[in-house]
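One chain, chain A, links the two complexes that follow: it is found with chain B in the first and with chain C in the second.
For the complex of A and B:
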């Protein structure tokens, strides 16, 4: 064995505190070291050439670079030695910068420590083994979970690059929340006018498959090779036969509150959630359908001229393979019934922002009239309350929902546009309008649309004489305020979907204490997750408005496409493996592995003369994080690059 | 009470629900109790139950692979079965647990006396096994009043020592260790196919009887039981040189409880301590 040691000055970064020459000299005397040298910048071209030349000249077969953190330049030096004919895994780095020169002042002691760190690296490298990268294929198809604006945008981007995308949406139509809106801040363009064309593009694209009224049931596999089970719930209407004529729901005798209209309007038992639904194919709500409840009725089946109604349709579970997954499941609204001061959500004339969106929508349940749900009368005085649930660590959410200031301003504006005599009062804590043209928008609402903004909290709301009395303080003027309101609109915060944790567990992606999916790095990897091949977009990650949602959708698509264009995926060989003879089958590792990279296996134990369960690493999934090796009492599981023998060699050298 | 045990054992064997019943029988000294392995209905009368039924029988479960086993189980011993189930070493459907809500066992070191509770029984409440298929209760009149004793009394005493004193204390204790590994052999949770003490590539610590090797062994043993030891006390009972092994076990048990609100052996479904990670785990050790 001929080990070469190369000590870097890193300009003055290392040499300023560490006597680099002394480290190099000391290293030359370590066992098995044949050559040592130092250089100003080892990572530079001349530095790398120095290493390459020395390898040839001294016939070195293992290399130690004493320089910076391996996270910075390990790849550089692996390539460098590979070019000189050495297996790239026969190098070690001694971190004498971050772990030494940068954190110490005493030159003598720092030099001593640098020598010791180098000594350890030399002993470790003596136990390194040559390793080879492995390669896996990539399934050229992207799964998009959720068909809101973020999922739709992602599908359009993937399809534009001529790769197939599959949207799985659990509602009967794609569109998400945005399909409910009338106008969108800050430009006030009509939501349907900008969303519907995108929905149609998706439905007509040869590259996009939509599974609406469907859910993800199971996810297995790993980047490039995910296998996903999708449950297509029984729609009771044959999507291939239906022409979308609407005869069935016109004649259906059952009326129930419409979820899409937030209960403000009614729908039939066979229904499409809204007129522009994509696909424009109804679904039977079996819980309310007379045929399913009593076996009577059957009107829709009789009336359908193409025979699309199928009462016997069953759920269908299909299995598909994907190379990448984009999660776009959006958000839910905070449940304001925890607030006693707002009457626990018992007042009829108190609604949320999403209700308001439906009311103000000309194709909505009230035809665009803003009315009191209790008596249907048009409203005059409307109180908007911001930050309901948001920024309230005690009862609500610790975070700011980011959009409520903006959509409340939009609502105040639309209120005046729909009813010239109306008056909007907005209770707020702060106005957060940090987007392009957002501040200007809020100002316009205050100055041109006469919305009265009151800084303070509402202390109580109660009913009196058919009105809602809203009491609160205006902390700016110090005045106590009482408003007799026709309608109160709560700007409830945005929260994660209820099933977000279970979906995250299925996908093996982390979520935070608010159940929002966590990105791999908040700044530098904002749409990636730590599970490679799974990306995030839209409001499922954090409250986002439409511009941000669309931007992250395109970003996630680029990441997914980055995988699609590869021929094959190289995988690092620095992964775990189980010595099954030593393994006791306790499966502590299986439970500890954050990537589900460990599965059960069975071996014939010759000593015990019976079969027993042991652990096995799924090589393609293992990321080499090393969690498993830490929990294994038997030391049966070992991690390439950090093997027990390598570590013990270092310990012995100390 | 013993009648109930016998009736159940008979029923289990007769209906072929189990192939064998593990219980206790009188030792040849006619005082102590030793394990009984009963596979014939005719032998059932050998079964006994009294305060001398000290051994944790779950250690014998692994000796009957593929067999269905009925087992007489005290509260503490059932906890070790819980851990074994949690760690995939047993199949629940293979064992029938005849749970005993016991009222304490004798202190072996004071054999012959009246029911003088073993140390660990004093802090044990409730004595109901966390898992069982049938529960048999000790008759009221035999139940001696359970003392409200702090289970960590001796640990707390040790904790007041300085680091140097603690080191000295354990060094003295461990210096007596003869590396017989009786503690490991008797432990129901030491089931590794090849113990780290015997591995050679790498050799984790010295196999020689030396202060260094003994220290490493004992610390390793204790750490490998962190979050798992259920305090059946078998190791301390088995140690021929009288090292207070329960004190180490209890110290770790106490730390684990205080730091992670984790208790071993109460729930087969809970994730093993070391395999679980929680964002709220204390991180005070990072300075």
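For the complex of A and C:
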């Protein structure tokens, strides 16, 4: 065995604290080490060539790189040594940067630690075995969870490349939040005008299948081979028979507040959420339907000429296989009831931005009139409060929701457009309008649409004489402000969906303390997750406006398509394996495996001359966590890359 | 002779704690250099034998650190670890080993500051516990 050790300076990142030359010299005296060297940047081209040349010159067969974290450059050096003819799994890295030079200041102690970390890596590599990558097939189909604008865009992009996409949307229609918006900043295109054509494109695409009113129930498998259970909730209307004529909901006698219209309007018990719904097939809300409550109505069934109404329809769970998953589950509105000083719930004439969107929308519940919910009168003075929830660590969210400055400016503009005599007052902390033509838009709203911007927070809101009195401070002039408002609009922040953690756990993807899904790298892998084959788009990862959402949707699609176009997928061989001669067949490993990657097997025991049960690893399913190894009483099951002997060798070297 | 410095071994899961320790590095958070980190895929990979071997080889302290409960990359590995090492800790205590010598923690990939603080405190505790003499293998 001839081990080569290569110590990296990383400029001054390592060499600034660690005496790299001493580490290299010390390493040359470790057992089985034939050669050691140091270089300024080992990951650079000349650095890698130095490793390759040394492998040839000194006939090295195992390599240790003492440099940065393996999460950064393990792959780089695996490729490097492979090019020089060494099995890529015969290298180990000693992390002397993140775990040493960057966290210690004492040069002597840091150098000593770097030497020891290198010694550990040398001892481990001496027990490494050459491993071969395994290959699996790829299911050429992409699952998209969520049918909002990001899911729709992703489906369109994937269909454009002639690969099948499946959208799972829990609402009765695709369209998501964007379908509720009136106009979109900063160009003021009407949201419906730019969204509904995309919805139709998706519904007509031969490559896209939609499961609306459906939810993900279970996800198993791994990149290229996910198996997903989808619950198709009972719609009570046969999607294949319904023509979307609308007779059923026109005649339905039950009226309940419409979720789509934020409770500002009513819908029936059998309903489509909005007129342009895709698919244009109603659902029966069984909680409110008279037939389901009393068995006495049944009007919709009588009136339907095609016999599409099916009261006996049951939830159906289907199982499908996918090669990649795109998560596009979007956001929720911040619950502003924590702001007692705004008296939410008490004041009818206080609404959120999303209510305002529905109100100002000509196809909305008020027909585009901006009115006071309390008495239906048109409004004149409207106060907009920004950062409700956002940037408020004590009551709300630590982060900026990014869109509220812009949608508030848009609301102020639309208010003046709808009513020439109106006046908008905007309370803000800062104006964050960092986007193409965004700053210009805010300026226009201030200069041309007369919106009055007040820098400060609102301290109290109360009712007096039929108006809402808004008290606050204008910190720029130092004045206390009191405004008699007809309507107050809260720019509530964006938060994760309530069930985001349970979905994340199903998908094995991490989420942060705000329940937003975590990307693999905030800068360099913004749409990937650490679970390969699962990608993120839109506001489920962090608040995003429509342009950013569409951009990430296309980015995630490209990543998914990158998998689709491959014939087979290389899998890391760092998985468990069973020494069946040692295995006693207790199958403790089978119970400990979180992925059902272990199965029973039978072998002929030559000594006992009978068959006996042993464990066997399903290689395609094993993720290499190693839980099985720790429960094995016989040490018959081991994890390649982190074998018992490798770890023991490290421990012995301490 | 210079002041005695404890030697501590850390078994860290690759996805959370190892990445958290990396983050402490990228954030340049200083902590004492007494810990030697062994990277494993999951805290559930840690065999109790590793701990015993560390202690008998003269380690003054052993740390196992994984993802927060509920956040395991492999969904349940750290549940196994938590149970397994709760038992081992009792057993070590019964054998007369100072419970400070064997500790568990949950550090996420975003908790570089927690990692630095944790190691600092751990080193302090082990210093108070003193050198590990009771469980060290005697050379024949």
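Quick note on the criterion: the second predicted complex is superposed on the first by the 448 of 654 C-alpha atoms of A that agree within 3 Å, B and C clash if a C-alpha of one lies under 4 Å from a C-alpha of the other, contacts with A are read in each partner's own complex, and residues count from 1 in each chain.
Here is the rule we use: a residue touches a chain if its C-beta (ideal position, glycine included) is under 8 Å from a C-beta of that chain, and two chains touch if they have at least 3 such contacts.
Here the structure is a predicted model, which means the values were calculated and not measured.
Asks: Taking the superposition as given, does A:70 touch the first partner, chain B, the second, chain C, both, or neither?
Replies: Second partner only.
Asks: Applying the touch criterion given at the start, work out whether A:592 contacts chain B, chain C, both or neither, answering first, second, both or neither.
Replies: Both partners.
Asks: Check the residue A:190 against both partner chains and state whether it touches chain B (first), chain C (second), both, or neither.
Replies: In the superposition, A:190 contacts neither chain B nor chain C.
Asks: Can A:561 be said to touch chain B (first), chain C (second), both, or neither?
Replies: A:561: touches no partner chain.
Asks: Where does A:530 make contact in the superposed view: on chain B (first), on chain C (second), on both, or on neither?
Replies: second
Asks: Output check: A:113 vs chain B and chain C. Expected answer is one of first, second, both, neither. What do you get?
Replies: The answer is second: A:113 touches chain C but not chain B.
Asks: Quick one: name whichever of chain B and chain C touches more residues of chain A.
Replies: Looking at chain A, the partner in contact with more of its residues is C.
Asks: Quick check for you: in the superposed arrangement, does A:583 touch first (chain B), second (chain C), both or neither?
Replies: The first partner, chain B, only.
Asks: When the two structures are overlaid on chain A, which partner does A:104 contact: first (chain B), second (chain C), both, or neither?
Replies: second
Asks: Pick one for A:644: touches chain B only (first), chain C only (second), both, or neither.
Replies: Both: A:644 reaches chain B and chain C.
Asks: Find the residues of chain A that appear in the contact set with chain B and again in the contact set with chain C.
Replies: 592, 594, 630-631, 644, 648.
Asks: Give the list of chain A residues in touch with chain C in this complex.
Replies: Chain A residues touching chain C: 69-71, 95, 97-100, 102-106, 109-110, 112-113, 116-117, 120, 505, 508, 510, 512, 530-531, 574, 592, 594-595, 623-627, 629-631, 639, 642, 644, 647-648, 650-652, 654.
Asks: So in the complex, which bits of chain A are touching chain B?
Replies: Residue list for chain A touching chain B: 513, 581-589, 591-592, 594, 605, 607-608, 610, 613, 630-631, 633-635, 644-645, 648-649.
Asks: If you look only at chain C, which of its residues touch chain A in the complex?
Replies: Its residues touching chain A are 7, 9, 14-15, 18-19, 21-22, 24-26, 28-33, 36-42, 44-48, 50, 53-54, 57-59, 70-71, 73-77, 80, 84, 109-110, 116.
Asks: Give every residue of chain B touching chain A within the complex, in rising order.
Replies: So the residues of chain B touching chain A come out as 65-66, 87-89, 191-196, 199, 201-204, 224, 271-272, 274-277, 279.
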